[in-house]
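Each of the next two complexes has subunit A plus one more chain, namely subunit B in the first and subunit C in the second.
Right, the complex of A and B next:
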């Protein structure tokens, strides 16, 4: 009854949220590059016709220029090879195989042709192979670095938040409490970019902090365009996100538990270790997951404070979409990020449900 | 010791905000301290056409998407209040747009809308921002509905009021604070959204965050600080307007 109330929401989320993400996931394993830019070659591979002839005919077409940058990712040097072939396209005569091989040695390399054939298949794991096959590839490094920095930032943020949230629970004075909680909430509700502008003004080479350092007679230090900048910016953005869930868990704990622990003979450390901390653990877990999930998707903070060399996966995704136009790879990176987040989201809901049942 | 540490954290959290507001009234163009106070950057901001047009775009986008998210979110919250056994299942779907990093949804929408040839208007951005705003509306309306006694609806219906009248005169007055909070949060979220706007906007539909970003990267002028402090003051006012206690309940959900 009254189900019509929920249908608009489900419809909207289904069509304009679930389908786009599903489409993106499919895009990462679906390859249309060769089919659009070298249609005759793709056809020849499928129907076992003369590939060399189709290849030469395709290159005569203006459309084929779109493929060169893409193929270069998979067979290094193929960009130069195809461009060179295109410039001398009129000199090729049948039999095309022989004439291509005479033109350039690399056409004898079966790797080039098998690469091309692989690329014509609709289903491909090539994008994922590029990320995961070599541990020293750029993309795997970026993924590793994102997770590594994410873990570091999360740890620092939560370690700072825990005592701060505890202090919030101990404030008795109402006005003092309001000012303190306000200083946590205001950044949380302030525009993200405004906060970044602030750090730009503070951290840049002639920024306020360096002006102060020079004023007291020390030499300037590089505070941004490096990992330090990312750390400062990210921790600033994430602190409220960690303080608030830890604070709510702590607020629910009654003082009596603590006193009981002490009466039973525990010293301060023991009471904290065996009584207080286990009760706040759920808040800490929630904070860790929330913070980590946001930090691995960061784009603005590292792009502004981390310098030109991309350190986070989101920067690499944007770079691949806008600069190199390698959309397949970009969607594969996005999908990888998506799966990591989904895993964490699952853990998060499981943890919270467990608490509700308990 | 603990006190000292915590006050440092609070100062760290407030410092950038104070710095931005202070520096936006500073007349020096290179962010040097010790100059006269002036409002020249605010004047420049309100006389630059590109800022005015992006402001208009952002306001329109945020207003329209907030309207639609209320239109869809409030009935959904009512439904979830009645059928609470599906709550956790539907809530994880509703929450997912704000839980998963926005870059994922942005890439998804980027391909989806270009396939549908919807890249030329603001419709795609309105749809996406509506989806990103719905969680805020559903959470805050549902939170205030939790305190609402469902038997009031029944008695109103028994007294002969129609469904619509019951909502308007019985339910709505009790949840209007929740609706207001939801609308506020979704407006602010939509006004501040960056990544999705970056992928979906064209040169006619650029929003304030995009313009802020490009002027931050190209030649950073204190005009950027002026707009940043306006945004900060807006959220300051919003935060004061709503009951802080109420906000806290929502964040933590």
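Right, the complex of A and C next:
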């Protein structure tokens, strides 16, 4: 009977995790954009008919306007080319190939037509090709930067959290403990946006910190609109997420283990290294997972404190969804991030299997 | 071997050990017997170095150890809750003190586990071992680096009667064979009488009597010791009457 309780959970998992993730993966490789907006062209490619004629006929239709931003991703300048062609659509006469090529040289470029043909296939890996075809591609660079910054921010957050959590376990005074734990938990009770705006006030060029720096006779520092701003904002937001799991693990460790380590001949450093730290490692492991998973999805912090766009992949994903309406690329970026995180999670878990067992 | 002179321990104006004088010979098995709060664990902690003494001296082999940190006292200790490190296997737990001292560990640790009948469990984590097995591992860990003294803080307190009897025998055999000085803390009078060469009876931080079990039984020095002995042997005498 007890086993029945698992079914609602599985149902929830299916509805809120498996289906959306599966849908996202499907979206990244399944593309009906060209079929929808340029149906005659797509059909001509499939049935080896006159593509040029079908293309001109499609552009006469209002529906074709929806494709311009999308195609621009795969063939630079195609947005302007299609709009220009649409504006002069009445001047095209058979033979359409010659007419189009005379109208604009770019129609002679086979890459444009092969791109269009590729996009007519329902199943496509174009989005992934775009990310991974070149290591210096903008998407690959941002993906790399997101993971790199994510790892750096996670490391710093955990390094700050560990001694903080340890300090919390050593406080004997009840009031002092309540004040400290409240300080840790306070960010949870405040809106995320409010906290970031508060940081804006502090970190901006004429903010409180820079005013103080100026007051003591030093020159101002750029504390925001750069990577430092992202670091400060992210670490502040993520600290409670790291402190709490480490603290709860530390709290469970009996003082007797420390005594045992000492009586067996270990000095303070040895007892910390061989006894205390391995016993708290599961807390550190959980903190790393929580912080890393959160930071790589950050959007608001880099957008508000990071300045110029494009430091985190989330910004690119939002840009593709809202600005270019390229859901295929957005979902491909999301899926890539999803798989990279899963891979890192797997490797990290494998490396720490001893800790997890203990 | 262990010489405690005029030891006092005060916690926030509360004197928990009062003028303790105790001389324990090498290879002797001495039990600190007393009820909860009598100060027996505090006395053990003063010897192990977990607590500093308020006044008085503790000597091991005629060396004053009052200010020697616990990791340098070469004293082994077995706790009531075993305190096996949960992230280490039984073997790693036993190897641990040897590794700290840079002594080749695995062979000695395996031999010690064999000796205590745990050769099949060397690769098991503590949570997979029974209470008795865990206490054997703890004992192996305390013995493996040949400390001069082993301090035991109610080591069998968490075990059932059968296991307790079994391990009492194991501990006593080790004491006899290895000639290791053992200072054993318990509130179980029968256990103290069965195992000890000498017993120190503690009450409210004061040693009431320090003598052999036989002498304590025959000649209790005061009413407290007399009552303690009577309470322990009352049931046995009643049982004997019923049988005869």
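Going forward, the second predicted complex is superposed on the first by the 303 of 358 C-alpha atoms of A that agree within 3 Å, B and C clash if a C-alpha of one lies under 4 Å from a C-alpha of the other, contacts with A are read in each partner's own complex, and residues count from 1 in each chain.
Just so it is clear, a contact is a pair of C-beta atoms (placed from the backbone, for glycine too) under 8 Å apart; a residue touches a chain by one contact, two chains touch by 3 or more.
This structure is a prediction, so every number in the text was calculated from the model and none was measured.
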So, A:208: does it touch subunit B (first), subunit C (second), both, or neither? first
Is A:339 touching anything from subunit B or subunit C once the two structures are fitted on A? First, second, both or neither. neither
Under the stated touch criterion, which partner chain does A:148 make contact with: subunit B (first), subunit C (second), both, or neither? neither
Contacts of A:279 with subunit B and subunit C, given as first, second, both or neither: second
Does the superposition put A:317 against subunit B (first), subunit C (second), both, or neither? first
After the superposition on A, what does A:194 contact: first (subunit B), second (subunit C), both or neither? first
So, A:19: does it touch subunit B (first), subunit C (second), both, or neither? first
Partner contacting more residues of subunit A (subunit B vs subunit C): B
Report, in rising order, the residues of subunit A that make contact with subunit B in one complex and with subunit C in the other. none
Can you tell me which positions in subunit B touch subunit A when the two form their complex? 2-3, 5-6, 9-17, 19-20, 23, 30-33, 71-73, 75-76, 78-80, 82-83, 88, 90, 92-94, 96-97, 99-105, 107-112, 115, 127-128, 130-131, 134, 138, 188, 191-192, 194-195, 198-199, 209, 212-213, 216-217, 220, 224-225, 227-229, 231-232, 235-236, 238-239, 244, 247-248, 251-252
Could you pull out which subunit A residues touch subunit B in their complex? 2-3, 5-6, 8-10, 12-13, 16-17, 19-21, 23-24, 27, 160, 163-164, 166-168, 178, 180-202, 204, 206-208, 211, 236, 239-240, 244-245, 248, 293-294, 296-300, 304, 314, 317-318, 321, 327, 330-331, 334, 337-338, 341-342, 345, 348-349, 353
Would you pull the subunit C residues touching subunit A in the complex into a rising list? 48-50, 69-77, 79, 81, 83, 85-88, 96-97, 99-101, 125, 141-142, 145
Please output the residues of subunit A touching subunit C within their complex, sorted ascending. 254, 256-257, 259-267, 270, 274-275, 278-279, 281, 354-355, 357-358
